[in-house]
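Across the two complexes that follow, subunit A remains constant while its partner is subunit B and subsequently subunit C.
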Partner chain A sequence: MKKYTQTSGEIGDFSQLPIWQKYALVDLLYVAYGLLIVALVLVSYVLGMFNLLPHDPQQINIELLMASPLSDGYLLGTDFLGRDILSRLIMGIQAYFLPGLLAISISLIVGVVLGVLSGYRGGRIETVIVYFTNLIDSFPRLVLILLVIAAFKPDIYYIMIVMGITGIPTVTTAIANKIRFLAQKSFIEAAIALGLRTRVIIMKHILWYNCRALLIIQATLGMGEAILLETSLSYLGFGVQEPVSSWGNMVQSGANYFLQGNFWPSTAPALAILFTILGFNLLGDGLNNILEDRRGR
Partner chain B sequence: MTAAITPPLLKIDNLRTYFYARSKHSFVRAVDGVSLEVGHSETVGVVGESGSGKSIAAMSVMGLISAGPGVIGGSIKFASHRVQKNLLEGLDKFVKVEEQHGRVMVVHKDDSGWQNASERIMGSLRGKEIAMIFQNPRASLNPYITVGEQLTEAIRLHTANKSPKESTERALYWLERVKIDSPRLRFDSYPSAMSGGMCQRAMIAMALSSEPSLLIADEPTTGLDATIQSKIVDLMEELKSETGISTLLISHDISVISRLADRVAVMYGGAVVEYGSAQLVLGEDASIKHPYTAALLASVPSEQKIRDKDNLQTIDGDVLDTINVPPGCRFFARCNQVTPEIKEKCATHHPDLREIAPGHQVRCWRFNG
Partner chain C sequence: MLKELALAFLLLLGVSFIVFAILYAAPGDQLNVLLEGQLPTPEVRAGVREALGVAQSWYGQYFSWLLGVLSGNFGTSIRTGLPVGPELLSVSLNTLYLTLGSMLVTLLIAIPIALYASARGHLVSISWPLTMLGYVISALPVFWLGYIAIYISIHWFNFFPLASLGRQSDVNGWLYTFVPVMVLGLGSGTISEVIRNLREEMTRVMAEDYVRTARAKGASVWRHAFKEGLLIPVTEIIAAKIPFILGGAVIVEQVFNWPGMGRMAWQAAQDRDFSVIMGIALIAATFVRLGSLLQRTICAAVNPQHARE
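Coming up: the complex of A and B.
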């Protein structure tokens, strides 16, 4: 349904509309949900950092094995060793948050630099960069990660560095294509004719205004992917090791008791993974729609 | 004329801009020996068919040619009150042209060296001393940035109005000056929310906000409706008389040129074939004109012709293929004024631009002997 509003005799100004009339409701919901998840993750990360938890996540309590949720001050119950699931969930964020940020920073920063170089400069530099990205792309990510684990040690930071590096080609290609496409546009030529410095044109007119939606998408998708990778590797026993908690190893250890009727210890971290990744992806999606939409107005 | 005492604002001399047609292994001579002058507070119109090299000449002045080999020679002397420079100063050392029998065979050009040196010269001039407006204004504004922001960016870059408040005020002043209605509202609009005419007004505001000495207007009315075209020309006429800015006006529309230009250069096949005051070049008397100018003017529908139900005249043939430039006059194949006496000369020798009256030059053998 289309809606037309006029505020007074003058033509109304779009920017003065309240935010819920400016953008599609579904996008706003996506963003709101995404921001809620990001805020939760951030707060939990800080709580975990300062150890402000309801219980010690590694404290074993023999008297309360497999307690159900909401019992005795254990909000989400306990696991097979009587450890508090809520505290372990909060601590689990430590396992992926910084490493995930590291991974997306590597792929975004290196990817943007290489993308700008190959898109704006072209020539021999471009050829070298294309070879480099193709080389990275030709290795399956999981094989590379297992190689690194075998060669060094199963450390989550090593894994995330590999993930960051394998994420570079996507960003590089996207940015390079965008720049190559935009460089032919007359508004870039007009910006040069206006006397703007090349640096300003690349950083502001191309990257900030024309590529930020793309970068936000890449960042949020990358975070979702990092969580998934960390949890699946930890599930398989390659990532974060017991007794340090990670959502992945929580699902794994809880899974042994799943069919005995104690489904909760594995379901809680599984749901956390689901909603968190969903949150990051929807945030990227919604922001993309909102930022892209502005051009059409 | 002041030009005799002080140097003209812009003096283009023997400018050559070539492109390389890879599929044909040959050079396209987009601009081939153009010489032009723009005096202070003067509007020079450059007119010609599509493909005559007029836009490329303007882009060459701005240093915006990116395809190879691009500008390969000539000089562009710029002399405003603030800056005196040859825009191609010292650039010839990056180019080596090998010629045989006066024809370019090989061009060696150090593109990056040229670009860097050119940037060093043009960097401080572009937008500040020489501003440019383009055809198709909607495509010339960044669709992701509001008009006001683009305008304030230009103002902050080139004028003393550095604070956000000052530059915003200045931007609104210029939006008002180019007669955009409700400037405060348009300030926050994205280009897609504005009409083509409004976008061109905004472009003009951006170009003039730095108070440049020279404005290069590359087909400023192309891509606009007929009524909007005439309004943009009105605006340019008004701003010209108010600010006294010098303009190099490129257009294929003779009516636009005749309304704005003091002097007119007619280009054909990458060269200027006629150059002189607007009254003489665009006037009635066909006998003192280059045959191409005469044919161009005859092909413009006039009220008289429409009333008489005359057929519109056309110029037979196509625009010169600047890959295979004939040895003689470039217009020879399409010329309808070749007389038997000069035919031989027309076919074999390229005529010079020759002064046939004070301030009126024509490149035709009819006037050469």
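Coming up: the complex of A and C.
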């Protein structure tokens, strides 16, 4: 559970400085790396969608089993059936990209509604919402998903709906805390005194002007979690099945060869998972430090 | 404290209801299995229900299941035909060893690093690589880390950690437990958050007036900073991370063939074994609530002011 605290401070003091002096170098590096990864994922997703791949990801090549990277024509080598690892990695993005977006949308939309209700209204509604978020937080996410798989079927969209629901508490708490912090500021009071409608205050002055950054950060971190979850589940055998590739089932199917000393077929997807999740997490945390002024200047 | 207990009880009641509701909404009727190929017409189904004494209404079914669970009767597994209760007890104990052990590993690694980092102030030279390492570890897929550990155990130390827990009579029996515990402790991604939180809290507490006073009069700084700077943040983050660690345990148990709740849940999800998965979800939620209750108790014992709020 990450704590994002809001520190007060003068805003706009350094606004004339160029961007690399305004923010810590580390944060800029984080964000740059994260954006690079996001761009790579997006491009690969589009490539995979139109089947613009170096090889057919299902094409078996018996001549060239477990080729090492950079061997002829196969940039990242081949797996234990001689299938091109790079193509399979690119196709693996199809397994989590849209489902991940669905999960994030659910978390954000429901989380914002509940967060606004509990932060702005307070009172009895807040008690109910706190109970609800505690209730969701009581389940280990993976156990709840296994429960849903047992009840319905191992469909990635069902799984991602559950993932979205389990992501609600984090967003709710973050939004509610932010609103409680904002409520002490005079501009909300001024808006009320000016007779603005509650809807306008919430939508425009609270959410749009002050929670944009927070929502982008939550979305980024949520994507990292969605990838972690999808890969874990396809590793466990729920989700995308062979011969269609996902990063989790690629690690899993390469496992036996891994123990014999052929590391690459299992390690390539594992590294893809590592670098991608790292990218989303660093992007989220870097943006958090930059946009929410967390690091003292 | 009574309020906390009541809240935990209410939450567990809600958990049981959600678990029941999900499985109630599941398509198909489990009792069809008992019809042995007869066409499941409504009359036949009603007959089976009546013969088995299964309540017709959803609340009847819910309360009879809940009463059973409260008296220790978790139902019968479809796969084994045995009562779920005793097996649940043994697997949840196995999972408890795994998770508690891994928490210990996490703390033993994270606390010294965090204390060192906060004692040296915000030295960029050590805190940056550490933060980076934390990020990398929390992004690392834990199953792949498991394979590395297995590979190292086989090829360097000449033992095979997959037959875990069954081989504890061996001389090196402890290794079969040690490897999965290490993998979960390192790979669950909790280390980086413990370090980050602890360093922030410790630095904050070290700057407090009472610590400065203690230092000025020559009293032990450590004794004054321990409660607020170490004990409370550690218990807080561990309690918040229990669901996460249990989720990681599902994977690690799968990798190492560890006979715990996670493996059983995995099996039950494949078999659509409702009694088993219901029991596991309840027990996992109970672990989470107990952890949070324990954390509140420690907080209240350390700082009675918190308890009165």
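As a convention for this text, the second predicted complex is superposed on the first by the 266 of 297 C-alpha atoms of A that agree within 3 Å, B and C clash if a C-alpha of one lies under 4 Å from a C-alpha of the other, contacts with A are read in each partner's own complex, and residues count from 1 in each chain.
What we mean here is this: a contact is a pair of C-beta atoms (placed from the backbone, for glycine too) under 8 Å apart; a residue touches a chain by one contact, two chains touch by 3 or more.
Just so it is clear, the model here is predicted, and its values are computed rather than measured.
J.: After superposition on the shared chain, which partner residues are touched by A:K185: those of subunit B (first), subunit C (second), both, or neither?
T.: first
J.: Where does A:A150 make contact in the superposed view: on subunit B (first), on subunit C (second), on both, or on neither?
T.: second
J.: Just subunit B (first), just subunit C (second), both, or neither: which does A:P140 touch?
T.: second
J.: Could you say whether A:G195 touches subunit B, subunit C, both of them, or neither, answering first, second, both or neither?
T.: first
J.: Is A:Y209 touching anything from subunit B or subunit C once the two structures are fitted on A? First, second, both or neither.
T.: first
J.: Of subunit B and subunit C, which one contacts the greater number of residues in subunit A?
T.: C
J.: Any idea which subunit C residues touch subunit A in the complex?
T.: My answer: residues 7, 10-12, 14-15, 18-19, 22-23, 25-27, 128, 135-136, 138-144, 147, 150-151, 154-155, 193, 197, 237, 240-244, 246-247, 250-251, 254, 261-262, 265-266, 268-274, 277-278, 280-281, 284-285, 288-289.
J.: What residues on subunit B touch subunit A, complex-wise?
T.: Listed in rising order, the residues are 62, 64, 123, 125-128, 131-132, 134, 136, 139-145, 153-154, 157-158, 182, 185, 188, 190, 192-193, 203, 206-207, 210.
J.: If you look only at subunit A, which of its residues touch subunit B in the complex?
T.: Going by the criterion above, the answer is residues 10-11, 13-15, 185-187, 189-197, 205, 209-210, 294-297.
J.: Please output the residues of subunit A touching subunit C within their complex, sorted ascending.
T.: The touching residues are 1-3, 26, 131, 134-135, 137-144, 146-152, 154, 224, 228, 231-232, 235-238, 248, 251-252, 255, 258-259, 261, 266-267, 270, 273-275, 277-278, 281-282, 285.
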